[in-house]
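Data first, discussion second: the structure below is written as C-alpha cells.
Going in written order, the chains are labelled A, B, C and D, and every chain counts its residues from 1.
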Amino acid sequence: MSLLVIFRSILLILLIVCAIAVNLTKDLLRAVIIFMSYSSIMCLIWILMESPDLAITEAAVGAGISGTLFLVTLKKLRAEDHTEENE
Amino acid sequence: MLFVVNFPLFTIVLSLFSGALCFMLPGKAARRYTMCYEAFLTVLCLWILQYTYLNGAFTYVMGEFPAPWGNEIRAGVLEATTALIFMIIMLTAVFCGYRFIEKDLDLSKENLYYALLNLMTAALLSMIWTNDLFTGYVFLEILTLTSCGLLIVREIGRTTLAAIRYMILNLLGSGLFLLGVVLLYDLSGHLLMVPIQKVIRELAADPNTLPVLTISTAILTIGLSIKSGLFPFHFWMPDTYGWATPTSAAIMSSLVSKAYIFLLIKIYWRVIGIDIVERMPIRNILLVLGIAGMVIGSVQALHADNINRMAAFSSAANIGYIFMGIGIGGVAGYTAAIFHIFAHAVTKAMLFLTTPRLAEVSGDSLLFKELQGSGLRDRDAGVFFTISAFSMIGIPIFAGFAAKLQFGLAAVEDGAGWRLILVFLALAVSSMLNALYFVRTIIRIYSRPNESTRMEVRPHHRAGYNVPMLVLTVMNLFLGLFSWVTVDLIHRGLMMFS
Amino acid sequence: MKERFFKWFYGESDPMEHILDCAEVPDESREEWKYEEHEIEREISRRVHTQSVIRAERRGFYAFYLIIAVISCLMLIGVLLFTVSQLPRYGVENPRAKEVIERYVEKGLEETGAVNIVSGMILDYRAFDTLGESHVLFTALLCVMILLRLDEKNKRTRYENYYTVLADPYYDISTDPIMRIAATITLPSIFLFGIYILLNGQISPGGGFSGGAVMGAALIIYAAAFGFTVTDRVFTYRMSRCITFLSLAFYSFAKGYVFFTGANGIPNGVPKGTPGAVLSGGLILPLDIAVGMVVACTMFGFYSLFRRGSIGGE
Amino acid sequence: MFENLWINGEEAVAIILFGIGFTMLLFQRNLLKKLIGMNIMDTGVFLFLASMGYIEGRKAPIVTNGVLDTAAYINPVPAGLVLTGIVVSVSVTAVMLSLVIRLYKRYHTLDLDEIYVLSKHQMEDR
C-alpha cells in the first residue's frame, strides 16, 4: 500500500518536472518529446487512479496522436525553411 | 404535453445534422439549404416563444433519465426571445453577406463555411437552451472553434494572425471556465443547474465555504469575460472583426460574444443564485471594468483610421455597457444588460453588413480617407449605415437610446449613491465619444469626394440586400419605440429563471 | 488645434498619436513603411536583424512582462491552492455526489445494459454531451480543412512542391526497411486492438473514442511506413467524407430519436441484450462504432492534411 | 489555512500543472510551446477532476461478478467528463497547429512578438 503511495508521489513529481522542463527547453523537438513522455506518465497515473478508460484514451491521443501532430508540424516547418533556402 | 416542447431538441439536433449535410453538399446547394434552414429555425423559435409566453417555462429531459442523472434543456421566455433574435440576425447576415463570402472564399471551400455556420447555430442554441453546466462547456468549445473557422476562411495573413490571438485568449477562457465548472462539481456533486443551486444555498450559509464559492464564481466569470472581450481582454477585437468576411464579423460581434454573456447571466441566476452573487465583490469589479471598457473602447475607436476597426472598438465599448448592467445588479440592472445585448446585436450586425458595401464603392478600402462620398455612391448602404450609427449614438426612437434609458433607470432603482453617479457619468462620457466618432463618419461618407478619389458606381443586387436590412431596421425601431414589450419579456424571463 | 481636429475629421491623421502611443495604428504617412510585396519578402529574410532590433528596443518591456508573468502565475496558483485546501478530502467519498452515483452504479446495468458504467453514463445518461463532443472533432476537421487543404488560391507551385517533398524524406517513402518491417509486424495487432476496444466499449474499458483513436493511429503508421500511394488506394477523400457524414447523421438521428421518445414517455423499442455479451447495451454498440469511424477518419485526416494538404486520394 | 494541502496532494499537483500551463499559454513567446502549455493546462484540469472522483481502495467502475453496490466502485462521472475533455483538447490542438503552419508559411518565424512587428509593416491587406 505504502509502496503504491510512493510510486504515485514519484509520478506526480515527475509530471511537474516535465512541465517545467518543457518550459525551459530551447530545442522544440526536445520539448515535444518531453511533452509526449509527460502524457505517458499521465497514462500511468490514470491507471493508478482506477480509470482504465482514460488510460487507453490518453495513451492513444495524448502520447500518440497529439505528439505525432506536433512532430509533423515541426517537420513541416523545417521543410518550409528548406524551401526558402533553395528559392 | 404539446408537441411544441420538442422544438428546442429539434433545433439543436437538426442544426448538428445540417452541419454534416453541408459538408456533403456542393457550395451553392449548401448556401440555399442553409438559408432555408435558418428561416425554418426562426419559425420554430417564434413558436417556442409563443408557447412559453402563454404556458411558462418548461424543462425537457434529454432521454429517459430526469434531473440529477440525465441531461436537460430548458426553455423559458428569455431563452426563446434570445434564440429568436439571434436566429433573425443569423438569417439576415447570411442573406446580406453571401456575395462577399463568394468573393472572399475559394469556391471549393464554400460548403465548409456553411457547415461551420450550421454547427455554430447548434452551439449558440444549445448554449441558450442548456440546463447543464457541462453541456455548456462542450458547446462553448464548439462555438470557439467554429468562430475561429469563420474567421480564417478569408485567407489573408491578417486573419491568420487575428485567429491565433483570438484562439489563445479563448483557450485561456475555456480553461478557466472548465476549472470553474469542475470546482462547482466538487463543491456540489452535481452538474445540472437546479440541483447545484440547491446545494449552493446550503454552502453559502456556511461562512467556511463561502470563500471557495466566491473563488469558483470568480473563475467562471473571468473565463467567460475573457471570451466575450471585457475591457482588459478586448485587444483581439479590432483585428478579428476588422479582417473577417462581413457575415463572420457581423455574427461574431453580435452573436458569439453575446452568447457567452448570456451563459454567464444564466449561471448567475440559475446556478449560483442572484442574491448570493450580489453579496460577492464580483459585482463591483464588473461595474468598474465595464465602465473602463466603455470609455477606453470609445477612445480607441476615436483614433482608428479604418471604419471596421472603429466599429470593432465600439463593440468593445458596448461589451462594457453590458457588463456595467450586470454590475448595477438587481432585476433592473440585468434587464438593462439583456436589453442592451439585443439592441447591440441588432445594431452592430447592421453596421458590419453595411461597411463592406461602402468599401466596395471606394476601391475596396476601408480607410476613412478613401471612404469620402461613399454614401452618395451607394445610397442604400449609406442610409442603413446612418440608421445603425444613430442607434449606436443613442438618438431617440432607435434601440440604442432605449438601452441607455434602461441603464439609467436601473441605476436610479438601485439607489446606491456612488454607483448612480458613476453610471451616469460613464453614460454621458461614452455617449459623447460615440457621437463624436459616428457623426464624423457619417459626415465623411456624405461629403462630396474630390475629383481624384471618384470611383465608378457598380450595380448590385438591391432587393436581396435591402429586404434583410429593412428587417433589421424594423427590429431596431421596434426595440427603440416599443421597448416596453421587450422589457416585459425580459422581466418575465428573469422571473422564470429563479 | 483646429488644424489637427480637421485633419482627424478627414481621416488624415490621428490627433492623439503623440499622447497615446497606440501600437495598433501604424503611421501611414511614412513613405518607407509602404512595402511592395517583394520588399516584404526581403524584410522577412532580414528577420534576424529585426529580432535584434526588437530585443534592443523592448528589453525593459520584456523584463517587466516577465515579472508580471511570474507574479500573476504565483498569485493564481496561490489562490487555487487555498481553494484546494478547503475542498473535500482526496480519496474519500464526497457525500454530496452520492445521490447521482447511486443510480449510475446500482441501476446502470439494468437501465443501459452496459457493464462498463462509464460507457453507460456517457452514451446513455449524459448522451447529449457526447453528441456535442463528437461534433467538436468534426468542427476541428472542418477548420483544419479550411486552413490546410490545397485549393486554387493557395495551391503550391510545382517548384515549391518539389522542394517540400525533397526536404521531407518521409513524404512518400517505400524504401526504409526498418520502418516497413516494424510496421508489418505491429500493424495487425494494433488494428486488432483498436477494433477490440471499439467493439467492447460496453463491457470493458475503451469505447468509440479510444478505439477510433487507436485505429486512426494505426492508419497513420501505415501511411508513414508504406507511403500515401498505398493508403490512397483504399482510403479516398470521397470515402472518408461519406463515412464521416453517415456516422454523424446516424449518431444525430439515433440520439435524437432516443431523446424524443424518452422525453415523451414512449418506449423506444431498442433491445438491451444480455449484459456482458458483445451485443448488449442497446444503442451503445452502434453509437460506439459510429464514433469510432468518425474519430479514425478525422485523426488520419488531420495527419494527411498536415503532411500534404488533402485528406485522401481524389 | 493550508493545512489540508498535504492530504489533497494530488489536487495540489493538478493545480500547479494548471498554473504552469496557464502561464506558458499566456506568456511563452514561442507558439509551439504555447500549445504545449495549453495541453498541460488541460491535463491539469483533468487530473484535478479525476482526483475528485477517486476513492481509496475501490475499483474501476466496471461491474464485476454482478456486484451492484456503490461502495465497490469509484465515482464514474469524472471519468466521463475527462473523456470529453480529452477529445476537445486534441481537436483544439489540431486546429492551432494548422494555424501555426499557416503563420510560419507567411512569416517564417514562431515568435509571436516578431510576427506582430512583421505584420505591422505589411499594408497590403488594408
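Going forward, a residue touches a chain if its C-beta (ideal position, glycine included) is under 8 Å from a C-beta of that chain, and two chains touch if they have at least 3 such contacts.
Just so you know, these numbers come straight off a predicted model, no measurement behind them.
Listed here as common contacts of chain A and chain B: C, D. One simple way to say how far apart two chains are is to compare their mean CA positions; for chain C and chain D this gives 13 Å.
With centres taken as mean Cα positions, chain C sits 25 Å from chain B.
With centres set at the average Cα position, the gap from chain A to chain C is 16 Å. Separation between the centroids of chain B and chain D, computed from CA atoms only, is 27 Å.
Across the assembly, chain B contributes residues 134, 138, 141, 145, 148-149, 152, 179, 186, 367 that each touch 2 or more other chains.
Looking at chain A, one finds that residues 52-53, 57, 61, 65, 69, 73, 76, 80 touch two or more other chains.
In chain D, the residues touching two or more other chains are 9-10, 16, 18, 20-22, 26, 51-52, 54, 60, 62, 77, 79, 83-84, 86-88, 90-92, 94-95, 97, 99-102, 107-108, 122.
Pairs of chains meeting the touch criterion: A-C, A-D, B-C, B-D, C-D.
Chain A makes touch with chain C in their complex at residues 52-53, 55-57, 60-61, 64-65, 68-69, 72-73, 75-76, 78-80, 82-83, 86-87. Here chain D touches chain B in the complex through residues 18, 21-22, 25-26, 31, 34, 38, 41-42, 45, 48-49, 52, 77, 81, 84-85, 88, 91-92, 95-96, 99-100, 102-103, 106-107, 112, 115-116, 119, 122, 125-126, going by the rule given at the top.
Within the complex formed with chain D, the residues of chain A that make contact are 8-9, 12, 15-16, 19-20, 22-23, 28, 31-32, 35, 38-39, 42, 45-46, 49-54, 57-58, 61-62, 65-66, 69-70, 73-74, 76-77, 80-81, 84. Interface residues of chain C, counted against chain B in their complex, comprise 8-12, 14-17, 20, 22, 24-25, 28, 79-80, 82-83, 86-88, 94-100, 103-104, 111, 124-129, 131-133, 135-136, 138-140, 142-143, 145-147, 149, 151-154, 241-242, 244-245, 248-249, 252-253, 255-256, 258-260, 262-264, 268.
Taken together, the chain C residues at the contact with chain D in this complex read 23, 26, 28, 33-35, 37, 40, 43-44, 47, 50-51, 54, 58, 65-66, 69-70, 72-74, 76-77, 80-94, 97-98, 100-102, 104-106, 108-109, 115-118, 121-122, 126, 129-130, 133-134, 136-137, 139-140, 143-144, 147-148, 203-205, 207, 209, 275, 302, 305-306.
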